[in-house]
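Read from first to last, the chains carry the letters A, B, C and D; within each, the first residue is number 1.
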Amino acid sequence: MSELLLLLISTALVNNVVLIKFLGLCPVMGVSRNLESALGMGMATTFVLTLAAAASWMLEHWLLVPFGLEFLRILTFILVIASVVQFTEMFVRKTSPGLYQALGIYLPLITTNCAVLGVSLLNVQQAHGFFWSLAYAFGSAVGFTLVLMIFAGLRERIALSRVPAAFAGAPIAFVTISLLALAFMGFSGLNV
Amino acid sequence: MGLMEKIFTRSWGVHPRDYKRPAADAPVRVMPMPERLYLSLAQHLGAPARPAVLVGQKVKKGEKLADPQGPVSAAIHAPTSGVIAAIGEISAPHPSGLPVQAIILEADGRDEWSDALTTCDNPLGLDPDEIGRRVADAGVVGMGGATFPSALKLSSSRKAGVTTLVMNGGECEPYLSCDDRLMRDEAETIIDGIRLMLHATGAKDAIVGIEDNKPEAIAAMRKAAAAWGDVRVRPIPARYPMGSEKQLVQTLTGREIPAGALPAAVGVVVHNVGTARAVSEAVRLGRPLVSRLLTVNGGCVVAPGNVVAPVGALVEDVIAFAGGIEGSPARLVMGGPMMGVSLPHARTPVIKGTSGILALDAAQADDRREEACIRCASCARACPIQIMPLEIARHIRGNDLKGAVGLGLKDCIACGCCAYVCPAHIPLVQYFAHAKGTLAAEDRARQKAEATRKLAAARSERLAREAREKAEIAARRKAEREAAKAAAAAQSAGGMSA
Amino acid sequence: MMAVLTLTLLGAALGLALGIAGRLLAVEADADVARLEALLPGTNCGQCGFPGCAGAAAAMAAGDAPPSCCPPGGKAVALALAEKLGVSLDLSSVLDEGPKLAVVAEDLCIGCCRCLKYCPTDAILGAPKQIHNVLKEACTGCAACVEHCPTEALIIQPMPVGWQHWVMPKPAAA
Amino acid sequence: MNADAYHAARIFAAPHAHGGGEIRRTMLRVQLALAPATLFGFWLYGWPAFFLWLLTLFFAQVFEVMSLRLTGNAGQVGFLGDGSALLTGWLLAMTLPPWSPWWIGALGAFIAIVVAKQVFGGLGQNVFNPAMAARVALLVSFPLQLTAWVVPLPLSGLDAPGFLDGLRITLGQIPVPDAMTSASLLGYAKTELSRGLGLAQALAAGHAPQLSWLGVRAGSMGESSALLILAGGIFLLATGVIRWQAPLGVLAGTLVPALIAHAVAPETCLDAASHLLSGALMLGAFFIATDYVTSPATGTGRLVFGLGVGLLTWIIRTLGGYPEGVAFAVLFMNALAPLIDRGIRPRILGRTRSGQPIRNAGK
């Protein structure tokens, strides 16, 4: 139990999927303009990541390995991820039209969020068991959501700052996230 | 303030240097009647009054010049006897200096009271509604500066069933001392007015809150109130904005007024001590509100002090009477320095709510360049209603008015504490005033859009109906013609067959 | 062979699942146009170049018109539309000089009554051979009447601001 | 002059009075509070420390003025400006190894002033503490230079460098002899632990925490004397420049876990006094975590912020890869500050915490 907790902390902070592994930067830059949509995006991605990790584990262990089809891994994983994203999109559209509008193109783009595929593949690579895979995916997603929300909070503040015209918009966002990555480096080597 | 207190207490408000003395200790001077008076038709909260006199008409002191228009409005009376010279525009006592409709009265120098005034020797025997009526007839409005029609406040308090009458003798604004002076000199009249207001509102008791930096006023009021069990005088700590309704009620009664509600929501009604005096004068002597005590003060005033000035006197006349100006004033302010309005020039009239006229020198006005906010949050600590001025101003700066409202912009009482303490000299109150004004303008635009949308819909409906009617008429005509034709054909056919 | 079969089956299974989910989570075609139209002034003045406010709303919903296409609406309407449409709006592109008003030049008006029938809000009062007048409360400043006046007696002016409605200027940012 | 000659220069909004507070004065007070510890640092580490301090301040101000010129905001307040850049440079100099070469100071000043502050729009607009951002960037980029702590000279047998030698050390012409460098207490503890030694054994040899109060030991100027830093902090508290929430939070955030951990595992966890008196904790508590711009605006928010800084510092020091964690902890909490500000707001008078008007409880 405590090992699972440590895994969560480790994946969320020490090996943060965004700031240390540099996966899933597109939605972090794209959907961090305000906190509400960042939270929505984080939850949607958490859902997709965890579900995709579960589905891909089952796919890997019940289909690909028994039939010797490992070469289809990336293809089938993407298929599963795309379906989960499609489902999430329908769900969000039905339950929260406002969030659906706010997330815009970035919602279907979760499909191409490399963090999702990356985590699924890492799970296979590191030969995690089923629950371990789930925890690993969930921890990564929590780390993703954490960074997304912190970054959204910072950008909300910066949006009202007197940023020089040359740096307004994307440049200042990159400067900010680089400094944020510096802050996360403090966790490197954390013995948990 | 002790060191530990300074470090650990969460205190609202500010302790500005008050500049009240020596003006407060100088005896009251009565200003001679100027040759012309300019009576703004909008000198109270609500709709402007409607003139009830004609140009050239002779009036006596205390005669009604303008009637209230609508439920929230107040009558205006002649401050002296004379002739109506004109009804026209004059620069409003307002930062914009935009014109306002005014009755211009040429004084005849005799200053004769009208002989139609209704006096009353036993006003406590009157019906409470009758007191309200007489107060309304006298055009009494709140003298603290908000100028809400007092009669309306009396009657609505009665309806709301308030139990406590809080009398505002706080006078927390620096420089001003007219309420202080009034309480020292006319405590008996004020107490009488308070007792009339108790009668009119149905409240059980009255608490007079006076800041503890006015010991003479406290003593005078205590002495005058000693005879009455239902009027208590309570010293309160001197702190700005103690005279603000929410803060005063909380300090005196411990009750917190809900946001957006009147004090009546907690069973309290608040009146200014100056209003009590005006009520007493109106009911006992039948005298309408035609003059008031105001403080002339500031570094550029030669002889600061309190002056009885007729409503409608020009600011420049009042200042000239008070000894005139020395040096060049950095700002001319009507009201107190924290919430008063800066005047564009001195050719603007005194109104019923004018509690002071200040000619501030450069050091007092402290007009410095705005720097960037360093988020020190001094403003948030000073804010008596505990909003976050720094955050709200940031949103307004970035044109995010919706965000500003979400942070409590509409709760702001514009007391000015935030801007007073800001080390970056950010004009926070100006940001808030701008935002509130813009939101109000948007509201008006929205209401107008609603109205015009209805008009447009009515018009297209009318056009459709007209077209339909035209078509019906055409169809009927056609049918008639065809019927006639058919009849004719039948006739001719019949004729043929016959 | 096995690979093809697996992929086909997988695809079919996921497709079926999504199809069912699509049924269960169906969202009715949203009433975008109606919601947009509700935000417009509704005077059908035609300044946007579309046939009436309904036309403009349809064009905006289809993305053929920017949210700033309504001149009488000004900044407020443009902002509301942009929010509904979920697009960001460059406020500098919106020409908003504040509310406007049509005014009759009394020395030019010949009382021909031609303008009356073009006013979308019936804001012009007038009888034949009488100088016309514009009802301030009803006029939206849409300028539909201007071109129909034979003597150019109708002028669009900014709405005069009284001191009660005066807005404190925003501090000049340091 | 007569009143009728008066014409308002422009539209003035209320209030027409001011309490007299000034940004420049606030900055000056903080600098004053830093002075005793700094002077002590000069005495302790000699001329190189002074030159590094001077150069860092100089470069900070140069970069500030240059940036203001470039963004068109220059010349409004004179060369010294509001004093904020000098303060940033000063704080940075306090955290650097005192014998660092000049370019460490210059680069640090560049990162602090240009990258972490002016790019965001200058004073008040930055989201990360400039001095700490620069310190972390330097530490990550030049770990060797940033951990070369010299032994305090008054106690060492070596002669203190003179004016010229000091200048040459700062200019990088004379390498700092190995014999004169030593690990800071936290670094030493970390290395010894990684070598498998217990703390009791490791600390027996010469590192006495009691010295921390006086500060006569290897380290930066900012950690040299906890006592003088504390005195500066109390001065700031007394003058109302800072308030108690953030410092208390930082100290408590480190103290509590340190006490517990040391009681449970004295061999692997440093004692509380060492934690409190070493590294940049005191400086961080009173001078860094109290930075208005990058910390939350409410008292409660600042307490939470401080607790976070303190706790993260302890975690990084005890469990992490770096011996010192104040700078990282501050940066991380800086990033959280906007969220804390959104979450913790004072209750508006007449409203409940959720923003609804209160019910008439008083009636």
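Simple rule for what comes next: contacts are C-beta pairs under 8 Å (C-beta built on N, C-alpha and C of every residue); 3 or more make two chains touch, one makes a residue touch a chain.
As the structure is a prediction and not an experimental result, all values here were calculated from the model.
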| item | value |
| --- | --- |
| Interchain contact steps from chain A to chain B (minimum; 1 if touching) | 1 |
| Chain at maximum distance from chain B, centres defined as averaged CA atoms | A |
| Between B-C and B-D, the pair with more C-beta contacts | B-D |
| Distance from the mean Cα position of chain D to that of chain C, given in whole angstrom | 54 |
| CA centroid of chain B to CA centroid of chain C, Å | 37 |
| For chain A paired with chain D, centre-to-centre distance based on mean C-alpha positions, whole Å | 34 |
| Residues of chain B touching at least two other chains | 95-96, 369, 371-372, 397, 427, 430, 433 |
| Residues within chain C bordering two or more other chains | 168-169, 171, 173 |
| Set of chain D residues in contact with two or more other chains | 11, 13, 121-122, 125 |
| In the complex with chain B, residue positions of chain C that touch it | 41-44, 73-74, 76-77, 91, 99, 120-123, 137-138, 140, 161-171, 173-174 |
| Chain D contact footprint on chain A (complex, rising order) | 35, 149-150, 153-154, 156-158, 161-164, 167, 172, 175-176, 179-180, 182-192 |
| Chain D-facing residues of chain B, complex | 3, 6-8, 10, 14, 16, 95-96, 174, 246, 250, 253-261, 265-267, 315-316, 319-320, 324-329, 331-333, 337-347, 358-360, 364-369, 371-378, 380, 384-388, 390-391, 407-408, 411, 414, 416, 419-425, 427, 429-430, 433 |
| Chain A-touching residues of chain B, taken from the complex the two chains share | 372, 394-395, 397-398, 400 |
| List of chain C residues in touch with chain D within their complex | 168-169, 171 |
